[in-house]
Amino acid sequence: MKIQEADAKSLLLAQGLPVPGWEVARTATEARAAAERALAAGAEQVVIKAQVLVGGRGKAGGVKLASSADEAEAVAGRILGMDIKDITVRKVLVAAAADIVKEYYLSAVLDRSARRILLMGSAEGGVEIEQVAVATPEAITYQHADPYLGLLDHQARRLAFAMDLGPHWKAGVAIAKGLVRTMQAHDADLVEINPLAVVREGGAGSGDGSGERLVCLDAKVTLDDSALARHPELEALRDPDEEDPTDQLAREAGISFIKLDGTIGCMVNGAGLAMTTMDLVKRAGGEPANFLDIGGGARADKVAAAMRLILADPKVDAILVNIFGGITRGDEVARGLIEARSLQERDVPMVVRIVGTNFEEAARLLQEAAFETAGSLDEAAAKAVAASGGAAA
Amino acid sequence: MSILVGRHTRLVVQGITGREGGFHAAAMLEYGTLVVAGVTPGKGGQTALDGRVPVFDSVHRAVAETGADTSCIFVPAAGAPDAVMEAVDAGIRTIFCITEGIPALDMVPVVQAIRDAGARLIGPNCPGATSPGQAKVGIIPGSVHREGRVGVVSRSGTLTYEAVQAMTDAGIGQSTCVGIGGDPIIGTTFSDILALFAEDAETDALVLIGEIGGDAEEQAAGWAAEHLADIPKVAFIAGRTAPEGKRMGHAGAIISGASGTAQSKVDALEAAGFRVAGSPTELPTLLRDAGYAG
Amino acid sequence: MKIQEADAKSLLLAQGLPVPGWEVARTATEARAAAERALAAGAEQVVIKAQVLVGGRGKAGGVKLASSADEAEAVAGRILGMDIKDITVRKVLVAAAADIVKEYYLSAVLDRSARRILLMGSAEGGVEIEQVAVATPEAITYQHADPYLGLLDHQARRLAFAMDLGPHWKAGVAIAKGLVRTMQAHDADLVEINPLAVVREGGAGSGDGSGERLVCLDAKVTLDDSALARHPELEALRDPDEEDPTDQLAREAGISFIKLDGTIGCMVNGAGLAMTTMDLVKRAGGEPANFLDIGGGARADKVAAAMRLILADPKVDAILVNIFGGITRGDEVARGLIEARSLQERDVPMVVRIVGTNFEEAARLLQEAAFETAGSLDEAAAKAVAASGGAAA
Amino acid sequence: MSILVGRHTRLVVQGITGREGGFHAAAMLEYGTLVVAGVTPGKGGQTALDGRVPVFDSVHRAVAETGADTSCIFVPAAGAPDAVMEAVDAGIRTIFCITEGIPALDMVPVVQAIRDAGARLIGPNCPGATSPGQAKVGIIPGSVHREGRVGVVSRSGTLTYEAVQAMTDAGIGQSTCVGIGGDPIIGTTFSDILALFAEDAETDALVLIGEIGGDAEEQAAGWAAEHLADIPKVAFIAGRTAPEGKRMGHAGAIISGASGTAQSKVDALEAAGFRVAGSPTELPTLLRDAGYAG
């Protein structure tokens, strides 16, 4: 699960990391008030940042500076309601614009290959780390946290020295350790600070030179969905503004669902088989309307929920059900389908293929209920494409 | 021979008195697997599967009493990492963890402990392994198999069954079929399994079933290019038409750079001498094209 | 550092372990009030336990039952002020007497040989585990916690099953894990529950049969002195009533000091050398007045404190200073001695032996200041014994 | 030969810019030890000991630049466990930790990591080791030593110096003197050091200096009885007159049963063929009585 920048910053702050203050505004008026407070506290400018769960906000015009309350209100007004990669901006973050001396990159991520937490740091901050990895791979330094003990002090120090943090190395050590703590405390997959920045404190307006400080200027956190059940505190961070009602239904039913642009609804058990089913639908000349994995051991109620998800898309004119029973039992899926069809309002042609565990009983039930069935997956895909074409014709 | 599981496997099922554990333990027993023990804390002294399998309070007890050498875990996610630790501590050296939904960070110390002990963990969130005609451990439906000499390795669950069924339907049997699991942190990789097949005298050809995301297939291709030049090899990659950015996490993308796409995987596998199928049903034909005569 | 039973119970309670309620009373009147509350809450009897940091309270008459408030007051009056192994009882713990079904033993201890935390459990509770270890060693079950991950669930389960906790095994697992958490949270060397007991809840007075429960009836915790600096919360548990002013001075100066019965004060650096010095004093016919280790790298102020500690004992009639410099520098000790002697009120003969690091400078300083010195340790012991005899003669 | 440290030891001193670290690093250098590097985070690029030793930010850097193979740690207690972890992670295989006052539980994972890495930790709270005429690592005053063929192992600090001085004064030199440290959790035991001496061609006799509490001396005696029958062996145990119950923790008492008293240790050592001295000054005579002619 992705969470908003402002929420990510809250998690870091709770671990004692240096994150400059911010406010979240839902209207231009709120943004103006927040800007007024920041300017009154000595900021020369404020930054207004769209809160959306996609990258590239800056390029899309979702991050702007303002030098006055009027300007802040105007800028916030333009950003709020803007669409960034199909997501409508409903909130902005307002903060004093930092006086940046130098930008760094620091992140903690779950490294699947090494099976450990990986820390990545770079003196090339403020740009996407993927670009740095391609352009100047030697500019990135890596440290794997100990699999039993987490990030050890000396590992954090080596990271900080390799990042050339200079006099800020101790702050860098504390932040690196804080990222790993954040990751462990909330079961995050990724905790990314970009930029981690040395900023001048006090600003010119305050009249004194004051010091420099290493702070987290931006924050990105993604959470392990498998661990959400044990983190009720994180469920509160789910952003209802950004979640499609269909996505919400899918999540609540425990179904993995991604809406696509085609016409053939797919209901499959297993992610790999679901992708394969989509691949074969496309190969047979059709267009899948969705990716849908009902998961292992799916029962009748899950099948019914999956059916509702698929039919919620008005473009769907055929459904392909492909179940290969293992932990999932074919007869239960068949019963679920029969029940779901009896309740569904829209009549859409359906091709059902159930093989594996308890497939004989499933076949019997489906035959009794006069479902159209298929033997091989290729055949099922072909029949579904034909059905879809037929309806469209 | 076969790999991982076979005629001599003495299996303990952790979580045998649960719904899934009981159902699949029965299927394993029926397939011919030597299910010698079950473990459910607090139910030691009882029996499972209609009195056919004794239940113990701990894996240590099960090992001491029955000589179990392999474990299959159906314990719910909250207790599964500890169940793996218990198995390895009790001296089990081949551990299948079927459980899905285990938080990834929970597995980090567990896979390290497995390495430290010189044990092998397959999974979690894996369907297990079957050596047709000998034994099956896990949840792969026994009906899809046929005895033979092709080794199959996959990180999908049901897609594995699909691929194996296609082979069986075409008259091509398997030495062992292994599902390594699709979780972020797993105990055994494609390369590990390929290395086991490479040493197996009764495996004459290989099938690898991958999917988009991560770089496990690319790494396996690299290993195969070096060590498996002369054996017929075919592969299938799921997700060729999946829209970008929907399944691949940012994490995986950062680390593995350009890899992770279906194209990257297909390219790597083809460069390593794999023939890559467009549908699971094409696997038998490609195997024969690659020179497999079994 | 040892802490009182009541404090140990507080630490366990804070980790969520089942510890029946108690109150601490400093007077018989307070004890009466506490007993009244316990009896009013349904207890048939109350138990009154002397709070002293030594074992064998029961045998010494420091643990008694009472069936009424009057009796509680009388019993508490007798226990308060009682001396148990030279310690005066100044506090009692008052609690409802438990209706014990069965007693067990459970502890977590730092195992020096295995270099891990060791859990020990036994169905033979309520007696000293050392006795069980001798009489029926097979009645004790052992589990070492994982050195990286602590006590794993399956380890706690194996312990509980081996202890024959029956239907209470899950409670046993939770308690075993809690002991290790307590140990880790406070850097304890030992956390011991004896007895861990299955008790009948509700009591006959409450009129219902009610259930049975596994609870921690007694608790003993000792803390790692090396870790106290990072546990300010524990310093508050130090019992000023039981600490000798000399001990307090020693502790504050960072000096390891144990008062003995002899006449020859010893000031030595290193515990092994300090014990050896005592051994040789005794061998030479004298009696050491104390064990005193000024520790490594001792400076002048520590030497002065050590001198005050030794001279606080009126029986001391000679002092033997034995310093073998390593991390400690001989010249600094010599300067400290010279300064300490100039300040000391009581003139006691002193024999000084300083060898090792910077011994030449030390020798020069001591010679200038006209100290009596010695070459070998045997010689130093003989001279000190002679000086002590001379003064006593 | 000698054990642990010698002419070829390339030493890095962790905490070299601190008061104790600097003082003793200078003494080691003066003794002839190859002090090739110092480590103090944040002071990389500077030098220590009047420009004679380069200082690095990390042990990794020190190893890479100077080929250091042994470390001596003077880092304060709060940072010392991590300093050990850093040394082992940097590939150092012989690590002396001089630091005292480290909380015991902090060392539990550290000693396990040392074992897992196949490294050796001496200490913490130990005085180090000296191979007279070759190198000294730690804080044992160089002046107490004399080159020779007697191996000394002790868990005390200053008592070790006392015993070694007595030998030197009597004309008996040492191959290596090792202080293993007196903390509850230490990396290397008496038995470990005896085993090293047993393999050392230049060690002809052994001196063991113990003290009351715990059962390390009893264990060492047991090992020696089995493996060191033919070598002259003497011992000294401090604390024969210490009152009971004052130094022995409850913890040690529980685990080790009857052992821990001076008598138990003397009995065990004598049964294993050690001659036990009543004073450190008697060690030379007893060595000669035991047949040592060096």
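As written, the chains take the letters A, B, C and D, and residue 1 is the first residue of each chain.
Basically, contacts are C-beta pairs under 8 Å (C-beta built on N, C-alpha and C of every residue); 3 or more make two chains touch, one makes a residue touch a chain.
On a predicted model such as this, the values are computed, not experimentally measured, just so you know.
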Components of the interchain contact network lacking chain C: one piece
Looking at CA centres, what chain is most distant from chain D? A
Here the gap between chain C and chain D, centre to centre from mean Cα coordinates and rounded to Å, is 28
Roughly how many whole angstrom separate the Cα centroids of chain B and chain D? 49
Using Cα averages as centroids, what's the distance between chain B and chain C in whole Å? 55
Taking each residue of chain C in turn, which ones touch at least two of the other chains? 148-149
Contacts with 2+ other chains: residues of chain D: 109
Tell me the shape of the graph of touching chains, choosing from line, ring, star, complete and other. other
Interchain pairs in contact, sorted by label: A-B, A-C, A-D, B-C, C-D
Which residues of chain A touch chain B in their complex? 107, 109-113, 115-118, 120, 129-130, 133-134, 147-148, 183-184, 187, 189-190, 222, 224, 226-227, 230, 258, 260, 268-273, 275-276, 278-280, 282-283, 288, 291, 295-297, 323-328, 355-357, 376-378
Of chain C, residues touching chain B in the complex: 148-149, 152-155, 157-158, 161, 169-170
Help me check something: in the complex, which residues belonging to chain D touch chain C? 20, 24, 27, 77-78, 98, 100-109, 111-112, 127, 139-141, 143-144, 154-162, 165-166, 182, 184-185, 209, 211-212, 214-216, 219, 236, 238-243, 246-247, 249-257, 278-281
So, in the complex, the side of chain A touching chain C is made of residues 148-149
Where on chain B is chain C touching in the complex? 41-42, 44, 57-60, 79, 82-83, 85-86, 89, 109
